[in-house]
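Before anything else, here is the set of structures, which you'll find just below.
The same subunit A turns up in both complexes below, where it pairs with subunit B and then with subunit C.
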Partner chain A sequence: MRISTTVLLWIILTLLTLLLIFSVYLTILRLLEKRRLLQEANYVQRSKVHWMNYLFYNQDWHEDMVPKTLQEKRAAERLLVKFLNSVYVEGTREKIYLFAERYMASYYRKMLASTEWSHRMNGLYRVIDFRLIELAENHLNKWSNRNVRNAEEKYYLSLLKITVGRTTALDLVKQDEVEFSEHQNRALLLKLNQKDLNSLIDNYDYLPHASKLALIDVVGEKNYIQYQDFFVKQLEIEERSELRIRMLKSLELMGFIQDFHPFVSFLSSPFWQERMLASRIVGMFPLRESQQYLLPLLEDQTWWVRSTAAKAIAKQKEGISVLLNYQLKTEDRFAKEIIDEQLLKEEAIAL
Partner chain B sequence: MSIWEAILVFFGKFLIFYMIGVIIIYTLMLILSLLKLRKEYQLDKEELDDDFLASYYSKPVSILVPAFNEEKGVVDSVRSLLSLRYPQFEIIVINDGSTDATKDIMIQYFAMKKMNRVVRRQLETEEIQEIYQSTIHPNLVLVNKVNGGKADALNAGINVSRFPYICSIDGDSILEERSLLRIMKPIVASNGEVIAAGGNVRIANGLYVEHGAISSPALPNNLIVVMQAVEYLRAFLMGRIALSRFNLVLIISGAFSVFSKSWVVQAGGYDKNTIGEDMELVVRLHRVLAESKEKKRIEFVPDPVCWTEVPSKLSVLRRQRRRWHQGLTESLWRHKRMTLNPRYGAVGMISMPYFWLIEFLGPIIEIGGYIYLVFALFAGDVYIEIAILLALLLILYGSVFSMGSVLMEAWSVNRYPRIRDIYRLLIMALTEIFWYRPLTLLWRLEGLIRTIFRRKEWGKMERTGFQKKEIIS
Partner chain C sequence: MANKLFWIDEAESIFYILQGALARTKAPISIVYIMPKTKEALFSDEQVLEFIRKADVVFHDTDKAGWWGILPNSGRKEVAAFLKRMKTHFNIEEPSPYHVVVTEVRDPQASLIEIVKAIKTMPKTEETSTVNYVDGPWTKGSKSTIKVSLVVDEPIIREVLKRSISTIRLDHFDIELQEFEDGLAFESSEWHKSAHSHLVVLDDVLPKKNGMEVVHFLRNQASSQKFHIFMLTDRVSEENLITAYQMGIDEMIHKPFNLRLFESLFRRTIERLWFE
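Moving on to the complex of A and B:
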């Protein structure tokens, strides 16, 4: 077997060239990074006092705050984002928006026009953060006829539309054809005001499935107890177990439930998650009312349900003695075991 | 032509075709990974982290830290975990019958008190003796159990855990503040389609650790460690990114990975009877998913970084590589019916054959290549200059892949900021074929032989612990 020396030499030469390119590129990258960090540090050092004066002491902006080079613009951007996320003094945000509009707009224009996805995304983040309306309008006009494939870019373009008032978070959540993921839907819902949330609740039946899930979660997390009655009514007619489970979870998170009777039917649901969540809700009520419903659950076939019921009983006044009495009466091995487990836990808490 | 000559010619041709095949596969992987990381180069990932932070509330995580004689590193590791930026998580350190002071150090340092926690036995494990809870950090729990190996410790952790996702971390590893957020992102963003994710593991030997965080990452002096740094970059940034793109990942590192607990329990938990419990679990998950016809994914995520100690002595490294290859062989053999079986989709048709041909057979064929080259030289079949050129080719293609991985490192996590580190990595990559590669090949072959003779060992790394006062340069 013979191998051509010339072919081998060509391959070796190509590999050597590649190695050289990688090494030189990496060296230049590092040198540029070093210079960038130095320039950024210099900018921060030079301008920090003026930034404080501008933002908190109502002074005009100083020449030193104006970023001149690309590196300084990056440093200014970092400062602005930090201030935006951490300072809540009245008027500060408007000052930041104004500064960004005047001195950073050209920087973001270039980013939005970039063919590189990551640069465009960074540009989108900042245009939304700093409410650069004119830039946002231009970008949306430019992209109106383009087919955006990337889900994240699509989502941020939608946020941009909200920023300029072309649509609302409410409209986006209602739309069936816009396929946002559950976490994107949640992020949108968190941007809604009370009026928009009311409108969503009014149009609940027409919402896409993902939006319904997100809405139920957000209402529970944010503790909007005003929607409790709606959920309780909806629970009776909702056919999908996934939605019922989410509603029960949200209702449990909210607390402050006035009547547990609407939940009693869920204690015998074929879905253990529903039985468990309903037992948590029923367990919020005094034992004299709830024990007749909770005690049978100690014999449930699912550990989670038994455990939740035992915990709900144990945390109440006289709960331990109710459990002990039941342990004496019952023949069910699971019930005896779960009571033992719960008593152990209580012992540990007492320690 | 004599029989010997015919054999030599056949093996020579086989070697060339095998080598060309491997180079093509690796080149494709390099290109795919470069494209993926180039796309995300300079993307402000913190912005994304913050935007979706609220969504992480619905995905609380139980972090499992199996520890066997980890007295030197466990406190730093737990401290790094306590400072994680994540809405809801618990840390469960499982002391797997350590014979050193791991348990006492944990109890003393984190002011832990014994508690009577009832454990739901979803998976069979050795006996849990006690459970302690920190009085300073209520989300920190120590499980003290009878020694049963790492897999058994992880299963015990799963039984004790309260949350729907589990994250396994080695007892000597350090996570960065946003690592958990980043590794959970594909799980959160995929509406449950992603059921497991593995993070990027980096070498922490000789680094300065303060309050559980790594500062000023730099390459240490030890040549074995630097060589492993090159190897890790290549394995994680080149191999796994490319495989992950097509849901073909069979290995996600046990040093830092997240799983949906329900799927792990459904797959039977970590296997106690295998050496490579992390690979075994991933292969089993793929199998369960295919058999239940579920369209779920297992992904590798390049930007969440976990810092871990690697062997700094050849003897320890030898044991580790031997074990890794034993683990790989055992898993491949155990699930051999998945290979080229269309029922298991791309995993069966591409991943399994890839691991058999490249990862499993690689050491045998490559060692054969070394022997062939020497033998053929003496037999006069290979001209000296061709032999030298072939060797050069081997050195250079390996080095190009290594430098490609260094470039990807700079585009993604960018934790080696010094120019001299880049050149040290390059020089070490150029020397790899002369000492490190043959050694690791031999050790892997040894692992294969030990699997055939069913010899088992439970590897134990000798830890030095992290530096507290100064960076060892």
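Moving on to the complex of A and C:
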């Protein structure tokens, strides 16, 4: 089909016009963005010294700190969040909360009332960060009868309830009406005191799966050795491999194990992760006790297990000579290779 | 040092060499004058040489009224230990038959002969103590320069830290501070290339080159001991701490951190470079 020159010219002209309109549109957007950034930068430049004086050097509040436009409020918000997350002196946080309550509440009220999910979420983050209690109460009252589908929003509404005292982190971890992710559970667990943690351990069997996983991780990370016996007992009865693996990891993280014998059975587990973690735990003990259990693992079918066993032996006194002796005796090719690998690593460290 | 009691002009040459290390070590040289109150209390040369350590230098008093000791890298505490040792070695009982005059030298240009002359011509005060600590123009050294680098990408936090450091008053040091917004800018600058003690405050997460890479770079420099590294982080796990300290970080500061605590830590780190 042949297109006439005129039609072709019209097509080209139309496309060029569209391109021009689009370019003009982008240019206007860019100019508006630059103006917005300039307003924000001007606010920061004008007010930063006053903010530092007020927050860190006990000087008086200054009028220049009050944001007047939307851009200035955004800039003030960014500034205050940076201070909250980075540096403080006594009284800094309270000053920030008071300031936000007085000058930023209306800004966040609009955000919370937005139909856009992202705006509401940003509003929620800040209401929690700045402890805007009144705003939080109003928002919770408004949303108490609404069906919130988004998991992230549910979680932050729950945090809001903690902020205003309607619930506690402990209750949230225990409940199973709202399913939180492992990461969210972990964040809640980190807010708990010792008494609450004890309560969770006592009610371990009734916890939702994600809560259990988070609890096991947090106990290991925080080195709560007082729960070691509990986890060792749980290991014997736990049916789910995922939980057993997490428990072994948590126990290994604690760094101090009273007795390795409960873990010996895991050295022959069908799951390589369990064998690997158990070998790390057994490897914490002197070679004269642990050698007989670790050496056979040098012939394990999984590289990770072999490598962990070799590392555990090598790091001990006389460990290198134990490995060298074994290398001479064994006929397993993989064992010989892993010992060579470990010896090379040891050489590299020594250099 | 040669095992002999020097004359003052010989001691002056040795003293001049020892002064060369003053700027680097920041440790003063102490000069001790032991003057017997009675003839019987006078030590023989052999007795003095038997007592004195290899690192110390002894020389005759020009008037033959006692002897002088030059104790390198020694402040008041070291001199006190020296005098205690002397008391034990020579079985000196109270009241001590010796006048002891001690002075600290921090000025790398001071002349030993001038110091001795000045001490000998000092008006004798009513001595309530057998040990007299005297000061002179040689006691005050010039202020040492410490370099500080702020390698923090967030401008407002850099300003807060800069302002905080500028308010810290240090008696013996001058601070020269520079700011960098990323690890690469810091590494490629000439700023870290000098013999000065250098305190680096850096974020763990930085654009272009992160904090750990900068630490690795610094600890692989020649004379990396001059670097004192503070790292700002919000990662609180023990594993991270262990790795950080193994890499050569001196202090991990968890965000959010108390600014007053930071200032105390900063001051303490710098003051430890000064020899008391």
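Please note the rule applied: the second predicted complex is superposed on the first by the 322 of 351 C-alpha atoms of A that agree within 3 Å, B and C clash if a C-alpha of one lies under 4 Å from a C-alpha of the other, contacts with A are read in each partner's own complex, and residues count from 1 in each chain.
The working rule: a residue touches a chain if its C-beta (ideal position, glycine included) is under 8 Å from a C-beta of that chain, and two chains touch if they have at least 3 such contacts.
Being a predicted model, the structure only gives us computed values, none of them experimental.
Enquirer: Counting only touches as set out at the top, which of subunit B and subunit C does A:8 meet: first, second, both, neither?
Expert: It touches subunit B, and subunit C stays clear.
Enquirer: Answer with first, second, both or neither: which of subunit B and subunit C does A:26 touch in the superposed model?
Expert: First partner only.
Enquirer: Which partner does A:187 contact after superposing on A: first (subunit B), second (subunit C), both, neither?
Expert: The answer is first: A:187 touches subunit B but not subunit C.
Enquirer: Just subunit B (first), just subunit C (second), both, or neither: which does A:219 touch?
Expert: Touch status of A:219: no partner.
Enquirer: State whether A:136 touches subunit B only (first), subunit C only (second), both chains, or neither.
Expert: neither
Enquirer: Mind telling me which of the two, subunit B or subunit C, contacts the most residues of subunit A?
Expert: B
Enquirer: Which partner does A:44 contact after superposing on A: first (subunit B), second (subunit C), both, neither?
Expert: A:44: touches subunit C, not subunit B.
Enquirer: For A:121 in the superposed arrangement: first (subunit B), second (subunit C), both or neither?
Expert: first
Enquirer: Using the touch definition from the top, say if A:309 reaches subunit B (first), subunit C (second), both or neither.
Expert: A:309 sits against neither subunit B nor subunit C.
Enquirer: Using the superposition on A, tell me which residues of subunit A are in contact with subunit B and, in the other complex, with subunit C.
Expert: Dual-contact residues (subunit A): 85, 221.
Enquirer: List the residues on subunit A that touch subunit B in their complex, please.
Expert: Going by the criterion above, the answer is residues 1-3, 5, 8-9, 11-12, 15-16, 18-19, 22-23, 25-27, 29-31, 33, 85, 116-119, 121-122, 125, 152, 181-184, 186-187, 190, 210, 217, 221, 303, 307, 341-342, 344-345, 347-348, 351.
Enquirer: For a test of understanding, state which residues of subunit B touch subunit A in their complex under the given definition.
Expert: Against subunit A, subunit B makes touches at 9, 12-13, 16, 39-44, 47-48, 50-52, 54-55, 57-58, 113-118, 120, 188-191, 381, 385-386, 389-390, 392-393, 396-397, 399-400, 403-404, 406-407, 410, 417-419, 422-423, 426.
Enquirer: Which residues of subunit C touch subunit A in their complex?
Expert: Residues 154, 156-157, 159-161, 163-164, 232, 234, 237-238, 255-260, 262.
Enquirer: In the complex of these two chains, what residues of subunit A are touching subunit C?
Expert: Residue list for subunit A touching subunit C: 44, 48, 52, 56, 79, 82-90, 221, 223.
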